[in-house]
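In what comes next, subunit A is part of two complexes: it sits with subunit B in the first one and with subunit C in the second one.
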Partner chain A sequence: MENIVQIVVDGRTIAAPEGVPLLQAMLDAGIDVPHYCYHPKLSIDGSCRLCAVKIEGMPKLQIACNTQVRAGMLVHTDDEEAAQTRRGVLELLLLNHPLDCPICDKAGECWLQNYSVRFGSRRGRSVMPRRKLGKRLDIGERMLLDQERCILCRRCVRFCREITKTGELLIFNRGHRSVLDIGDSRLDNPYSMCTADICPVGALETRDFHHRLRVWFFTQTASVCPGCSNGCNIMVDECYGQIWRLFPRRNDAVNDTWMCDSGRLGYRFVNRPRLRHPLINESGAPSAATWSEALERAAGGLIRVRDTWGGSAIGALISPHLTTEENFRFGELLRALGAEKLAMAVPRGAADNFLIKAEKAANARGVRELGLVSGEDDGLNSLLQSVRAGRIKALYVCGEDLLRVIGAEQTAALLQPLEFVAVQTLRQIPEYARAAVAFPATSFAEKNGVFVNHAGRAQRIAVAVDPPPGWMSDGEIFTQLLNRIESRAERFSPEAVWSQIAAGNPRFAGLSLDRLGTLGAPLVDPENIGPQTVHTAPS
Partner chain B sequence: MRSVNVMRLSRATIDWIEEEKASYPHPRAALLEALHLARAETGGLTMEVFAQVGDLFGMRAGEVAEVASFYSLLTLPRARAVLQVCTGLPCCLRGARGVVAEFERRLSIRAETAASDGGFGLAEVECVGSCATAPVVQVNLNPYLENVTAEFAASLCRSPQTAVDARRPAPIISSIPSGIDGYLLPPGGERWDSLDSYKAHGGYQSAAGAARMKPEDLRRMVEEAGLRGRGGAGFVTGRKWMFMPPKNGGPRYLAVNADESEPGTFKDRQIMERNPHLLLEGILIAGHAIEADAAYIYVRGEYVDAYATVRRAIAEAYRAGLLGERALALNRRFEVRVQRGAGAYICGEETGMLESMEGKKGQPRKRPPFPALHGLWGRPTTVDNVETLSHLPAIVARGPAWLRDRGAANSAGHTLFGVSGHVQRPGVFELPLGVSLRELIFKHAGGPFEGRPIKAVIPGGVSMPVLRADQIDVPMSHDALVKSGTMLGTGGVIVMDDRTCMVRAAIVVARFFAHESCGQCTQCREGTAWITSILRRIEAGAGTMRDLDTVRDCCTFMDGKCICALADGAAWSARAFVNQFSADFERHLTAGRCPFDRSFSI
Partner chain C sequence: MAVQVKKVLRPPPQITSWRSGLAIIAGLWVTTRHLIANLFGFIRGRQDFTVYYPEQRFLHAPALRGMPVLVQMENGRERCVACGLCEWACPTSCICIFPAETDSEVERYPEIFDIDMTRCMFCGLCEEACPEEAIVMSRQIEISTYSRGGSLWHKEDLLVPESRLRTRIDFLRSQYGR
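Up next is the complex of A and B:
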């Protein structure tokens, strides 16, 4: 059991578990002690010396990162000697720093900048030429290294040694000739871009974000990575209606402070040419249509098949990329139509035993928890057989996963004989040309909602990019169709739908959106849920 | 046609490496030895060689390269004959710069480079621990060439082979002054480097006696004797031993610090070369006192003679059954191994040494945890210096009171004082602690040349604050020197006469620390280099008064703020030069050039 003790920092009493790093205790209490080498998810290095504080009873300053909290400790961060040490460390780090902030990606979120302004001295005293080292070095497929900016805090070295266990980054030579570099292998591990996150300066930069935009233009939104079923917590950086960057957000129950490179680069589809208006196909070729035309067409087509062949002739492919609320509403629509054959195609790919999961969709588990699909293959083969046997006359396809799971040719062949096909898709796809109606789908970045990750943790996503005026999200499309079938006049509200889910489904009982907060919460019924971890506030 | 010439390690070398690996609890401890062997065999360490060495240790080539890049001896220029000129302060004071210039002129290569034909390479190296026979040159990893004259330097330039084959008699420079009952050095010019010669003088009787004592009694006895560590820090040895936790089943180690690298210090080498069994006997006694299972001796890589002598002595001791399965009267297994370093002062810092012994970069560990709880391979470990351990046989034989009676208050026993620089008879003298610094310089080391006045004296290796000539009437004891604003350190005294430019002396010392900083802590890594560059600017006549304040500030940033004491030493020494000899610095500033025309050059 953690033994919570009290310590006094600058006259303020704070509580912290005994034995934790003093630095972490102070940071958790909101006391902003500057530091470079310390990182909560890496071993303690103790070399930057920036977090030195005065502790009563100790003759010398102590680095707070390597000092364990003990009851009654009297700590002074405002001690004159400590302030002088901070000033000294910062002045020394700047002696050889290239000061190329105007072209550095990190400017604006650089800890050398921030701390120098807050704790440094105002005037440089060095008149020596600065050290020349490698700049923009090609160290990996996704990473660049600027050795001149490096302050040798060794966070990246420890990351490669302790987290990915690949050890690509090393520090060669000694003393003031020390230099960060790769050895015999390039920095190409699947998490390589995390080194840019933990780099306190602009020494490690991602090629993806290199010289793209100044960081202060961003609007940042807390969300969840859509790349796989792990549901890594992320921040989404938006500007000019585009996403420029994703980066991990700390959630100790899910991803600590990391995310994989493919997830990080997975935002690009949001910015790429998308289907921006509905399409209808009356004459053999899709053409643009208004939302209401498309909705009329779709509702009419579905009703006609139901009235002719019965509801059981309607099949649906549910998307594991849509939110739980949207899929819940889709379920209501399908029930209203009497559809029975529901299935989900989940694309699969490589996995590791760290963060990367085989299911390449964020919310497959949410669909299963809603009870919309069942079986090993989420009902996919059964649906495909029914279509091929001609028992299904109309198919409602959400997303593009079918192409990835059964291939483009098979997809086209599958849709060909059907009487009616409706699709919701991010892009205009040739294989979907057969569809009578194609609605534009909405990405994870353009809506609010909840994903349930592989371990059964419900986590919120939020609008990071505003969709154009008049836009209908997938949930709105389902709602509008339902309105037309059941003569209702509702709007889609993810919050209202979530309350409905939480009230009706025991697995979601009590999980209000407030309760989920920014870190999410596990579904009810612990035996089917992954290991429980104490939530920790993001840092 | 393009020929690909990949150097492969020979079978014999690989076998040797495998044998070394097998002699440690963790095979990686043999990595530096393997790199030495690989470098000797292939001429230079390339990524292909690192890959081959890596294969033997389950390491990637890059990891091996990272370790190698830390060490000076593994990063020398690649050539058949690499001439390494010691440019530590004692050598500089006695003309090392002239030797470098001679080589540069005759070979037409600059220091830190090699000739394009791969014949000669030239390097300026930091203090090699042969300060009494300065200037000193080492060719590859051959024995030192001492007291190098211009003619001798010229003779080395005839061909790379001449340089590789060159040998020069090494005078014995350590002695017990008359009237002193010495117990560390053999008398006269004798070498007791064989087991027989050591036993003939009563050797190994103390170890046998100690083995009959209970370890805790032995620890108390040594604490009572007041023996303080001779490696520089002066911690009470018996008390350090008390930090060892009670036995808990796992192995415990004694790590012997023979990485003597503090400029001005060349005393441990005297024991290892002239009296190696004294060290082994001390190791047996300490090993019993701390209930260690094995001792590992870490000798600096440059000390080829000392390494060979100690290695031979260990082999002899094994053959005689003094070590091994049933080590002398301990009635249990006790192993002793010797490892060589690869050129890094910081490996003389106790935790830097432990890292290096484990086959890593010698970067000191943060404390806590301390080595007594978490030392070599994470096991309880005591680190003791060569000279410290060599006191133990005498303490056991003659009792703690006997040692306390020799020396001064809080400074028991004899020590090996080294005197170098501007004196007529530089050398190592076994004398009781508390002898006056003046007596040491004038009576034992013969005083300065031609009766010149003394200007400055560093009393205990360059980390210790320098004294002015008017401060040398001080007993060489821990307490007295602290009162004088300095410290005993390693007892390596460096004398500078009135011609010396103290800015140059400060540069040589600052350059040493910048070269030897391990590079972990910000202040040390950046500060040592900054101080050096500011001092160089002052020496060049381009300094300002504000530069002196900047040096003082930088010393404040470093002093007591880093993982280990290297930064402290760098700060103490720089601050002392600037404060004690501010007139010298100011003359540079006002003259706009160095006013000391007859000073040594750097």
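Up next is the complex of A and C:
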């Protein structure tokens, strides 16, 4: 059990568990002590010496990252000696640092810039020429290295050694000749781009964000990675109605401070050419239609099939990419139609024993928790059989996963004989040309909602990119169809639907959106309602 | 970054002191002297001031802030590295830059550099923000167009050879001690 003790920092008393790094205790208390090499998820290195503070009773300044909290410590961070040390350390770091800020991807979020402005001396005294080292070095598939900018904090080295256990990055030579480089293998591990996040300067850069927009133009939104069922917490950077990059957000219950490279690069489908208006297919080729035309046709088609063959002739393919709220509404729509054959196609891929999960969709678990699908394969084979046997006359397909799971040809062949097909898709796909109605789908970045990850943790996503005016989200489309079928007049509000889910499903009981917060919360285990771990936001 | 507001106390005007009285008299003397010189200067052969624009043109002082332009280096490339500082500094948000990578040593250049001259207010903050002396306020003031679209200046239109901007660049160096 942790033993909470009191220490005094600059006259302020703070409480911290005994034995934690003093630096972490001060950061947690909101005291902004400058530091480079310390990272909460890596071992302590003590190489930058920037976090030096004065501790009463100690003969010299101590580095706060490698000092453990003990009861009654008296710490001074604003001491003149400490300030002088900081200035000195920064001056030495800048001795050989290139004046690259205008062309450096890190500018604007660079710790060297920030600390130099806040604590530095603003004037270089050295007249020696700066060290010339490798720039724009090709060290990996997705990474570049600028050795001149490196401040040798060894965060990246420790990351490769301790987190990915691949050890690609190493420091060569000693003293003022030290230089960071790759060893025998290139930096190609599946988490390589995390090194660019933890690098406090612009020495490690991702190719994807190399020479792109400036970071200060971005609007940042907390969200969840849609790439796999792990549900890594991320930030989404938006500008000019596009996503420019994703990067991990700390959540100790899910992804610590990391995310995989394929998830990080998985934002491009949001930007690339998308279906921006509904399509209807009357004469054999899809043509653009208005929303109300498309909704009328879709509702009409579904009702016709139900009235002719009964609700059991309607099948639906639920998307594991839609939010829990949207799928809940889809479930209501399908119940209203009497549809019985519901299935979900979940694309699968490689997995590892760290973050990457085999199910390449963010919310498959959410669909299962709602009870919409059942069985090992989420009802997919049974649905496919019914379609092939001609028992299903109308199919409502959400998303493009069918193409990835059963292949393009199979998909086209599957849809061909059907009486009526409605699809919701991000792009116009030739295999879906057969569909009588195609609605444009909304990506994870354009809506609010909740995803449930593989471990049953409900986490919120939020609008990062504003959809065009007049646009209907997937949930809104389901709601509008339901309105037309049941003569209701509702709008889709994810918040209201979430309260409905939380009220009606014991697995979601008590999980209000506030409760989920930015870090999410595990679903309730109705068998075993014990004390829930609430993860507080890290500093 | 939060904008910080610093309140500055201005000293109250002291019209009562004898020095302000002297200043008023000195000021009046300057205006009166110019008035007399302009009215009767012709007697001593003074030229009139009227410039018969557009046949004649007036060479503005280097301090004039005309339209912002991009400095073109001798190799024909822009000096700008698309750092985005002018875009950030511009109070009217009339600059739009899309950076891209080049093979040259500077690595970065603006693939798109647009200035919306309908919005520019000639404040010169872009010039002041630029770390590369790449955008300067030229003497160009004849920028009216027949259409609004014509007021959107692209990189190719904005490039002006460095030799023609020498006066302004020298002036800036003298001003900012660069």
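Annotations
We take it that the second predicted complex is superposed on the first by the 527 of 539 C-alpha atoms of A that agree within 3 Å, B and C clash if a C-alpha of one lies under 4 Å from a C-alpha of the other, contacts with A are read in each partner's own complex, and residues count from 1 in each chain.
Criterion: a residue touches a chain if its C-beta (ideal position, glycine included) is under 8 Å from a C-beta of that chain, and two chains touch if they have at least 3 such contacts.
In this text, all values refer to a predicted model and were calculated from it rather than measured experimentally.
With both structures placed on the common chain, the touch criterion links A:L513 to neither subunit B nor subunit C.
By the document's definition of touching, of the two partners only subunit B reaches A:G167; subunit C does not. When the two structures are aligned on the shared chain, A:G183 is found in touch with subunit B, with no touch to subunit C. Of the two partners subunit B and subunit C, more subunit A residues are in touch with B.
In the superposition on chain A, contact of A:L213 is made with subunit C only, not with subunit B.
By the touch criterion defined above, A:A107 reaches subunit C but does not reach subunit B. When the two complexes are overlaid on their common chain A, residue A:G88 makes contact with subunit B while staying clear of subunit C. After overlaying the two complexes on the shared chain, residue contacts for A:A433 are found with neither subunit B nor subunit C.
When the two complexes are superposed on chain A, none of the residues of subunit A touches both subunit B and subunit C. Interface residues of subunit B, counted against subunit A in their complex, comprise 47, 50-51, 60-63, 65-66, 69-70, 75, 344, 346, 361, 366, 368, 514-523, 525-530, 533, 537, 546, 550, 553-554, 556-558, 560-563. Across the complex, subunit A is touched by residues 1, 81-85, 87-88, 98-101, 106-108, 131-132 of subunit C. Here subunit A touches subunit B in the complex through residues 44-50, 52, 60-61, 63, 66, 84-85, 88-89, 91-93, 95-96, 125-128, 151-152, 167-168, 170-178, 182-185, going by the rule given at the top.
Within the complex formed with subunit C, the subunit A residues making contact are 101-103, 107, 135-136, 210-214, 216-217.
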